[in-house]
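Two complexes come next, and they have one chain in common, chain A, joined by chain B in the first and chain C in the second.
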Partner chain A sequence: MTNAVLTGLVLGGMYALIAMGLTLQYGVARIMNLAYGEFLIGSAFASYFLFTGWAVNPLVGLIVIVPVSFVVSFLLYKIFLTPLVRRARTRDALEVDSILATFGLMFIVQGILLTMFGGAYFSYSFLAIPVTVVGEVLAMNRLVAFALAVVLGTVLYLLLTRTRIGTSIRAVAVDPASAPLVAINVPQLSALAFAAGGALVASAGVLISMFLTFSATSGVVFTMKALIVVVMGGIGNLMGCLVAGMLLGLSEALVATYIDPGLTIAVNFALFLGVLLVRPAGIFGRGGR
Partner chain B sequence: MGSSTKRRAVGLSVGLAMMAGAATIGWGDQAQAQTSVKIGYAISRTGPAAGGAAVTSIPNYELWVKEVNAAGGLKLGDKRVPIEVVQYDDRSSAEEAAKALERLINQDKVDFILPPWGTGLNLAVGPILNKAGYPHLASTAVTDRAPELAKRWPNSFWLLGTSADASKTLVEMLVKLRGEGKIGDTVAMVSIADGFGIDLSAAARPALAAAKFKLAYDKTYPVGTQDLGPIVNEVKALNPDTFIAFSYPPDTIAITEQARISGFNPKVYYTGVGTAFPLFKQKFAANAEGVMGIGGWSGDSPAIKDYLARHKASAANGAEPDRWASAVTFASLQMLQQAIERVGKVDRAAVIKDLQTGSFDTVIGKVKFENNMPTNYWWVGQWQGGEFYGVAPSGNAGARQPILPKPAWKTQ
Partner chain C sequence: MSVSQLLIGAVSLAAIAGLAVVPSLVDAYHLALGITLLQFTILATAWGLFSGPTRYVSLATTAFFGVGAYTVAVLGEQLPWPLVLTVAAVIGSVTSAIVGLSTLRLSGVHFVIFTFGLAELVKQLVVWFEVNKSRVLGRYIFLDITQQDIYWQLLALAVIVFAVGWLIARSRLGFALRIIGEDETVARHCGINVTFAKVALFVISAVFMTLVGAIMAPRWTYIEPSIAFNATISFEVVIMALLGGAHRVWGPALGAIPLTLLFEFLSARFPNTSTLIMGVVFLLIVYALPSGVVGLIEKIRQFRRGSAAQGSGT
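Here is the complex of A and B:
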């Protein structure tokens, strides 16, 4: 039992980590970024090459990769996505446009990764050592990823709830039309949220590359997972991300241990549907904010 | 509004053009009659099959073309004719593969076609190649329907054999090991809920039961499972002598990593596709020792050693071939070449006939098809001292003795 719960929590933390960036990009900046998983894989590759080529510890690699990703995402928003934001009459129109644009972006990023690294699988070993937690053996690298997910989640949560800029970001997420009335610079904050999302997805990519086998084309799996977590938790809600991620991770581990590993994905989707039936806006959607 | 609609249309068409660009990696010029032999293939450059194609198919296709052209080309009669390649990306989709093949046949009018990667895609393109009368050397497909398909499509050759054979050979090896007192009765089996895992576990179940093994654990897991910890932990608690995982590459890596971390070290540890990949050796290094998996090759044979060196020299980043279907894929190309050269012209019906009846010198030894299938396969390999040697069937030339019990995992 303890083992299933611990495994579930660690897996859930990973899901939440994957989804946090998307919830900022989609919830605040209203960019439904279909190339999200590609950015995750891109930073996984960056980490792989820092580690195998220059023996840079992936956790140290974060210090380089995360800021780079922040800047890249910021520029991407400013140069590539701002024209879409300007011409969109409504937020819904922006969503549709951003889906089309980032769909194309997905092919570009994937194409670049394929040319650089080919289609083969990549994997390296870092902190793949057993640690005992309350009598159960877990992998150190997964545990570290979980711990960092918790830290990132908490810091971000505090930033959003306790600071002025965080409050403004939430205001943009809730009511972008009224936010300018209280002197909030919506375009600037959207760019910031998109870039922060990019930084988060980069950290997720680095942490995940420590224990998952990836290839240039496996990004879409992560986009899908992130999307499920984000929608289930309530778009733009960080707490929702954590709760939904944990729910999915725990259900997966418990089902695999006590019922049948073959049913994990079915149960995940049943849970997803169940939540949406009861709360169409997600666990923490609109009403709960 | 009008301008915005137009802009959106432009955006869309740019997107479509990009996708088309991704689909068309290369293209050949229209050539004069027989100043070149046009070889076409549609292979998964993107999508779920890209990982397998990048390791097993593409480097071998490229190595073969490079070597043939370096020698002046294919020998047609008394002159040598260089190979010209036309290739597309099938995006790991059966429909795309079918479309690309139609294009290769009708528009590019290629002389010969190399197969796509994987069981599913080879089954999907089988009817097209059959209808157009092209030889189909399926070197990366494992299916129980192979004998039936070889009969239905006489142009098709199934070089990797059947999953029933794979499971049967594995169980035979276990029976032998039990007879020698090296392992006991308990077996734990997990399999991926996809073509490969379903076929192999379905064949293994009755074979294990018939051999009176106790199947203590028998579960499947879905494609894309990101944490196999619960499975490995449960299996470990059952303490089986033999662990079998009919897995795909990412899971093969994940299960092995988890087994190492949990200290699950059965006497026989067997995993599926990916065990024979160079990635496995690179990732687990000394911990690969004693791990068994599907595939294997005669690592001591000079032909294989030479092939390994050529492959490393030719492939991007000095990549090594996998130790199962890579050598078979290269052998299939050598067979195609020898058949074409014996016929001496681009006569596909005659080449098919020659493939059916002739015998061929290849990197995997002498091959002669019986009912369009080879007579020898490697089904179980084991990492021994940094090389993945074939250990079963034990009657194959170059088979090594399995090392048992598997040595303990080392901490890194």
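Here is the complex of A and C:
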């Protein structure tokens, strides 16, 4: 029981971290990024490459990979997605367009990864030391990943609630039409939020690569889970991400331990539908659309 | 009935007759290609039936296709063929009704997310059931159905899907769906039962997808969940329908034919980079042809009409 709960907490922390990046991209920049998981896998491969090729510690690798992804995501938004934002007349139109565009992007990133690495599964052994926590044995790398996820989540929360730029980002999330009236540069902040989301997912990718096996095609699963967590928690809401992510991780771990490991996706969907039928705007969402 | 309508009717009848004699004229390779073309034409048209007017992007094609194929794998040898197809259609409609009722009340984005994982969900449930209850993973299909039979069945289904699409576009239901696509709030204020209209069309579209899966199943002889629920089909169908333009009944077919040929060519020549090229094609369509080939044709027509005298729009 304790073991299942601990596994669930670690997993849930990861889901929450992944979802926080997506909620920035979707809640603020209004880009429904279906290529999101591909960026996670991309940085997992980058970390693998650094570790096996140059023996770079993944935690050090973070310092390289995260800023690079920030810049890549920023450019992606500026060059590639801005035309769609300009073309869209309504928010719904932008949603559909961004779904389709990032869908194509998903194939491109996946295709590049496939040609580089093939369809095989990859993993590396880093900090695979057993540690005893409340009477249960866990791998060190999972604990480190969890701790870093907590740190990153807290930093993001403080940035968004305690700084001026964070406040303006939240203002864009709440009402993009009125934000310019108080001298907020919406396009610039949207690009920034999209890039921050890219940086977050890259850090999640590095952390996950330390303890999970991954392949060029496993990004879709992460996209799906991130989307489920974001929608369940309420779009654009960090606390929602945390609660929904934990809920998802715990229920997955419990079902895998006590019922059947082959039913995790069914659990995801049951939770997703259950929450949405009771609260269509998500656990922490406000108002109905 | 006007002359042009009669002409269109005569031409399409001739085309159907022409397509029906194709199997006796060509070799096995071209017959197989014809089957693939018909398969994607029906899938894309069925996708367009629902997603065209409502603008809900559905990624659930594979789920229904797989349900059809798996029904045949399980029941194929126990029941006569027409009955198997009927059962497949019933299962497909029940599944889609459940999915539709539980997700179509939600906003468009939630629907996309749900259908994004639906194929994976159904696949996992089938695997779970096969492993734990029936204890077989992977089934053989030995049916006395030739490639020609598959071709003719698909051709018949294609005719039906176009006929149904044509009828829906002229019915109250089709009109209601177009209003929903434009503005759902307005539709609700007009007294349209929004949920019923969406679910009804979702079910109709899903039944066609299920039937395609069922008809195609004998082609494989061996079937397992990862073959039946191959997610690429959903994606390909969306690209095809978008290239053609999903707001007209015959639009998706215009995209299905060239793209099927393209993918066939690519997977034969460049098997490793086909995913990459598919992504590039997708982006080209989204950026350069947002309303598809049909939209382009209509724009050109409008341009010509604009330079001539003003006529009543059709």
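Everything below uses one rule, namely that the second predicted complex is superposed on the first by the 274 of 289 C-alpha atoms of A that agree within 3 Å, B and C clash if a C-alpha of one lies under 4 Å from a C-alpha of the other, contacts with A are read in each partner's own complex, and residues count from 1 in each chain.
By our rule, contacts are C-beta pairs under 8 Å (C-beta built on N, C-alpha and C of every residue); 3 or more make two chains touch, one makes a residue touch a chain.
On a predicted model such as this, the values are computed, not experimentally measured, just so you know.
Q: Return fit or clash for chain B versus chain C, each positioned on chain A through the superposition.
A: clash
Q: Would you check which partner chain A:Thr257 touches, where first means chain B only, second means chain C only, and both and neither mean what they say?
A: first
Q: Considering only touches as defined above, state whether A:Leu227 meets chain B (first), chain C (second), both or neither.
A: second
Q: In the overlay, answer first, second, both or neither for which of chain B and chain C A:Asp92 touches.
A: Touch partner of A:Asp92: chain C, not chain B.
Q: I'd like to know which partner A:Ser125 touches here: chain B for first, chain C for second, both or neither.
A: Once the two structures are laid over each other on A, A:Ser125 reaches chain B alone.
Q: After lining up the shared chain so the two structures overlap, which partner does A:Thr213 touch, if you call chain B first and chain C second: first, second, both or neither?
A: The answer is first: A:Thr213 touches chain B but not chain C.
Q: With the two complexes overlaid, spot the stretch of chain C among 8-16, 26-34 or 170-178 whose C-alpha atoms clash with chain B.
A: That would be 26-34, the one stretch with clashes.
Q: Taking the stated contact definition, name every residue in chain A that is touched by chain B in one complex and by chain C in the other, in rising order.
A: Comparing the two interfaces on chain A, one with chain B and one with chain C, the shared residues are 87, 97, 100-101, 103-104, 107-108, 110-111, 114, 221, 260, 262, 264-266.
Q: For the complex, which residues does chain C have touching chain A?
A: Result: residues 55, 57, 102-103, 105-110, 112-114, 116-117, 120-121, 124-125, 127-128, 131-132, 231, 235, 238, 242, 272-283, 286-287, 290 of chain C touch chain A.
Q: Any idea which chain B residues touch chain A in the complex?
A: Counting only chain B, the residues touching chain A are 4, 7-8, 11-12, 14-15, 18-19, 22, 44-48, 50-51, 53-55, 58, 190, 193, 219-222, 224-227, 229-231, 233-234, 249-250, 253-254, 257-258, 260-263, 274, 277, 279, 283-284, 316, 319, 411-412.
Q: Considering the complex alone, what residue numbers of chain A touch chain B?
A: That would be residues 3-4, 7, 10-11, 14, 87, 97, 100-101, 103-104, 107-108, 110-111, 114, 118-125, 128-130, 137-139, 142, 211-218, 221, 252-253, 256-257, 260-262, 264-266 of chain A.
Q: Can you list the chain A residues touching chain C in their complex?
A: Per the touch definition, chain A meets chain C at residues 32, 34, 83, 87, 92, 95-97, 99-101, 103-112, 114-115, 220-221, 223-224, 227-228, 231, 260, 262-266, 268-269, 272-273, 276-277, 280, 289.
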